[in-house]
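One structure, as structure tokens, below. Some questions next.
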């Protein structure tokens, strides 16, 4: 069996295993075991990938496999990974692993919960390994649908509203995407012959520029909705605030990354001319997202809302950097996706854990938690510092790469918007420190909180693995950055005829 | 000239009573106005020299259907009852649509040039009608005649079943 | 007997009658008056058939027979309709269309 | 070849101690972490001394004077072909000097804290943060490229944040730490943009390339201009903005007085001796670029420094909290250093200001740390921060008294004490370049002497205040660092800085310019005299003075209302007029639009549902209208 298939098969087997369990205890252990295997697999994948690269394998995609499952339309199950997808897969594996442990006490309909959760994650894994647009889209939908159930059933607050809103907006994105993908498909055989959904094959043909101009906005906005592109980000605050902990983690940590990943792998890679022409519109929008999301977060009272707006800001930075279309900035965008995935998952995990103790998410009602739950509070501080871009943690690596890359752009417009975007680091500091100050420091406001217990072992596992990821990337970013750089080279190569940016040659 | 005067009288009756049929709020009166309309229509048939048809109109329509309607009115509504009309907006909308439709149709009628056949007329006597009605060759209407008979039978049975009181 | 009367005159009468019937059909709320409006419509159509037959195709009797068949069907229709109306009246104690809406829900 | 690879341990030891104490510190007795921290730092200190000895004295400088040595360099993150962030160690006169400053002060503070923090909750946390700070600060000074410096710059900022907020249950400490971080962060934004601009123009982060007089930064200086100044100049001004934030230059100074909420040893280490001079160090590090390619930027540095020194000195005269007086004094002294850099030029005797600035940085670090530690000892003894609740402590705290007096004399610039030498060099440099600033500095010198002795007399002399219990001299673990620092303060003036640390690495001939020095000493003595008259004995004089210069006094007492202005801008303008509207806008306009679309669809579907009413007549109406319309359409089409 092909190695990459395991990433879809293991979740499927885990789901089957959960079906044979009877209660929460069985379900969670089954999930934990399954996702641990997944984590190990992801680690092995990273290792195998790097050793293949070190051995001098120069193919664009590694570990490819290809089989047709719908011959009349030439739809194929084509899989393969490059450095970027490997990084995303590793991120997903870490986040889902942490997510399972964060939902250790999910009492209500626990089997169904874990099944949906793992179904979602298998969709995500499938998305990242797919090279065929149709199969990719299929997996994408597979990831979105369980989200509706997870929020609608296990959520809190106005959960039906949020679930409906989220699903409808994402479905709206899917509708746009369908148009974009079909547009690519029907232009994929310029010289006659068979149409194809395969990304690499489409990349080899030249899509007519007129068609690109038409289909690029569909594809980019379709993925952009998932990546919280202003002004289509409003599902995010509502969705996140209603979703249960693990779902928020997965959603903000991984699912939103599908948007960014799709934006460059499908929209920009396959339609480079249109991307160049239209980039400025989206650059303005994403610049607004970056600053606006940060400002939006300052005055929120609900922890999850704060984090949701901060996600808008950070994810805006991802799209912003992608649109700069030079290697450094795009590299920064990928690192930012991973970094944001880890730290926002950590944030949501912590918020869930704090909520389960204090039963409130309104920051004004809490205070001085550092004294009673030092472990969680310290981790919260670390997450906050990562979020505001402290060196030594992952956020800094991403932001530094993005800003330096974006500023190397030859065009003044791009440099000016970069300066605008950099102001977000100050605003981010303001809201992060505000939350830390109100929530964790100061005297204890509510005497009921005097006797809260600190983290349980499973909560520790969940947070520590994320912290390790954040610190690991923050302290030693070079391997990740080089891995991504290598795989960005062909993409930049396709864009480079247009922006005069020579791909970075690695020693 | 006489013809024209006669036609104007008949058509005036038709139009006035039609309007009153649909506008009066008393159902029984409305039925009576309908009767007048049907009678005047029979008059038109006479003028067109279709005696048999006029007779049928008088017996079946005026004599049969209207009586049936009056019976049913008596069965279902009180004599003093005032029938409800639609609300203001449906009235206006309907009137608009109807006027528009009438205008369009009249315009079409006026702008269309009718071409009459030059062949000699055949008489519409009872004999010719009867032979057409039971012939099955060219210009024979035996088949529709039979179909109508079957239909009438079916309707008779159906009406009885529908209107019959349910047997508990 | 119709000499001197243009074809148009008949058509105008039948057209007006037809649309008056339609107006009644659209605005009346009572099933029986609706039925009567339908009779008006049928009647106007009959006039058209007959008039066309007399003026344009005097060598045939098609319009004439068509009218006869329409009259027969109108009678049948009236019979059935009234049977239904009576049945409705039994069940709803009313023959207002607005009140007969059990199937809607 | 160079044999300096071991310098990496100077950094690694504090880092390892930070990790170790941070993760496992609470498993041991509190005292253990203090001892581990101090011992580790002692090793770093010895290594630094060795390095300094080997660098400066083990071999005579060559033709080019003291040249920079890259002791270590490793690529940390590769951004583009030319731009890569490295982790390196750059040894040159100023970084070696800073190694000494940091490890000395840090070691003293560590030892002192063993006594000072005794019995505090979070003892091990304190020492682990101290180690983190030391590590970051060392990393900052040895940084081999500007981005590495930025990285450690941020780490220094965060350790300062953590240490100011050490008493995290005290709301004022939390607010102060937040303020410090955000204000410096704002300044760092300027630094970051400066780096971006600089790297865009020059294509390098590397300090050696940047500061090379023949390098791209200098040769590109005549390139593109913006608002009349070259892009390089702008980037230097932006970089200086970062430095001004860290060094509490006006108008980014507001965080420093509040930062005194932190434990006193922290104030001594971070907010007096090391971190706050990072801005000075940054300008010094980039000095060749400033001097050769951005004279306007250098003028900005000079005037900001000069203004801040005067401004802070005036405020210091009226404050009552002894730590705040010292904080303003720090600002004032850093203003001196900035000014000295601002009036210096590259190479030869023109570079006198550069040397003077570094010299003053060194001596100031020693005597200001001493002052803070003494203040800590006083506070430790009397449990109050306010000088009007003190007085006559001379008898109770003899060691503290003597060392404090030494420090005061040093800062006042009395001959033979270190401050005299360094200050004299600064004044001489100013004299040669800018007479206006020179006279400002004369005034500041007088004010400095005045407020320092106001402090001294109020604490140690004057009337005997009433104490709850008899103040006791601190234990030896606290007083020994005081004595050591006092010794350094007295004698460090004799270190031959002019031959060691100069703008171009070459030896510089200097002598004391008596024409400048004698008036300055006289002014200082006059200041001391005024202070003695006003505060030595209890008198009504201070009150009278305050009421005579009422407006000046009130404004100065309220720190010229700068805090209020900031508060107004942040609370009223940013929060109320930007953030709240943005939040509202998002909920009601953006989200409202989305919800509006949903509403339109829902109500449209309601309407469509209404069409499907089961009302036969409605259908008929639609049918008839449709038919009529169709007929119309066909008519129109046919004719």
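Each chain carries a letter (A, B, C and D) given by its place in the written order, and its residues are counted from 1.
Assume a contact is a pair of C-beta atoms (placed from the backbone, for glycine too) under 8 Å apart; a residue touches a chain by one contact, two chains touch by 3 or more.
All values derive from a computational prediction rather than experimental measurement.
Averaging Cα coordinates per chain and for the whole protein, the chain whose average falls nearest the overall one is A. Counted by C-beta pairs in contact, the busier of B-C and B-D is B-C.
Spacing of chain B relative to chain C, judged by their CA centroids, is 5 angstrom. Averaged C-alpha coordinates put the centre of chain B at 103 Å from the centre of chain D. Between chain A and chain B the centroid-to-centroid distance comes to 75 Å (mean Cα coordinates, whole Å).
A separation of 98 Å divides the Cα centre of chain C from that of chain D.
Along chain C, residues 22, 26-27, 98 each make contact with two or more other chains.
Contact with two or more other chains is made by residues 617, 621, 624 of chain D. Chain contacts: chain A has no residue touching two or more partner chains. Taken pair by pair, the chains that touch are A-D, B-C, B-D, C-D.
On the chain B side of its complex with chain D, the touching residues are 86, 90, 93-94, 97-98, 100-101, 104-105, 107-108. Within the complex formed with chain D, the chain C residues making contact are 22, 25-27, 34, 97-98, 101, 103-104.
Interface residues of chain B, counted against chain C in their complex, comprise 1, 3-4, 6-7, 11, 14-15, 18-19, 21-22, 27, 30-31, 34, 37-38, 41, 44-50, 53, 56-57, 60-61, 64-65, 68-69, 71-73, 75-77, 83-86, 90-91, 94-95, 97-99, 101-102, 105-106, 109-110, 114-117, 119-122, 124, 128-129, 132-133, 139, 141, 144, 148, 151-152, 155-156, 158-160, 162-163, 165.
If you check the complex, the residues on chain D that touch chain A are 75-81, 83, 85, 147, 150-152, 154-155, 158, 161, 165, 168-171, 174-175, 178, 181-182, 185-186, 188-189, 192-193, 196-197, 199-200, 574-575, 578-580, 582-583, 586, 590-591, 593-594, 598.
Per the touch definition, chain C reaches chain B in the complex via residues 1-5, 7-13, 15-24, 26-30, 32-33, 35-37, 39-40, 43, 46-47, 50-51, 54-62, 64-65, 67-69, 71-80, 82-87, 89-90, 95-96, 98.
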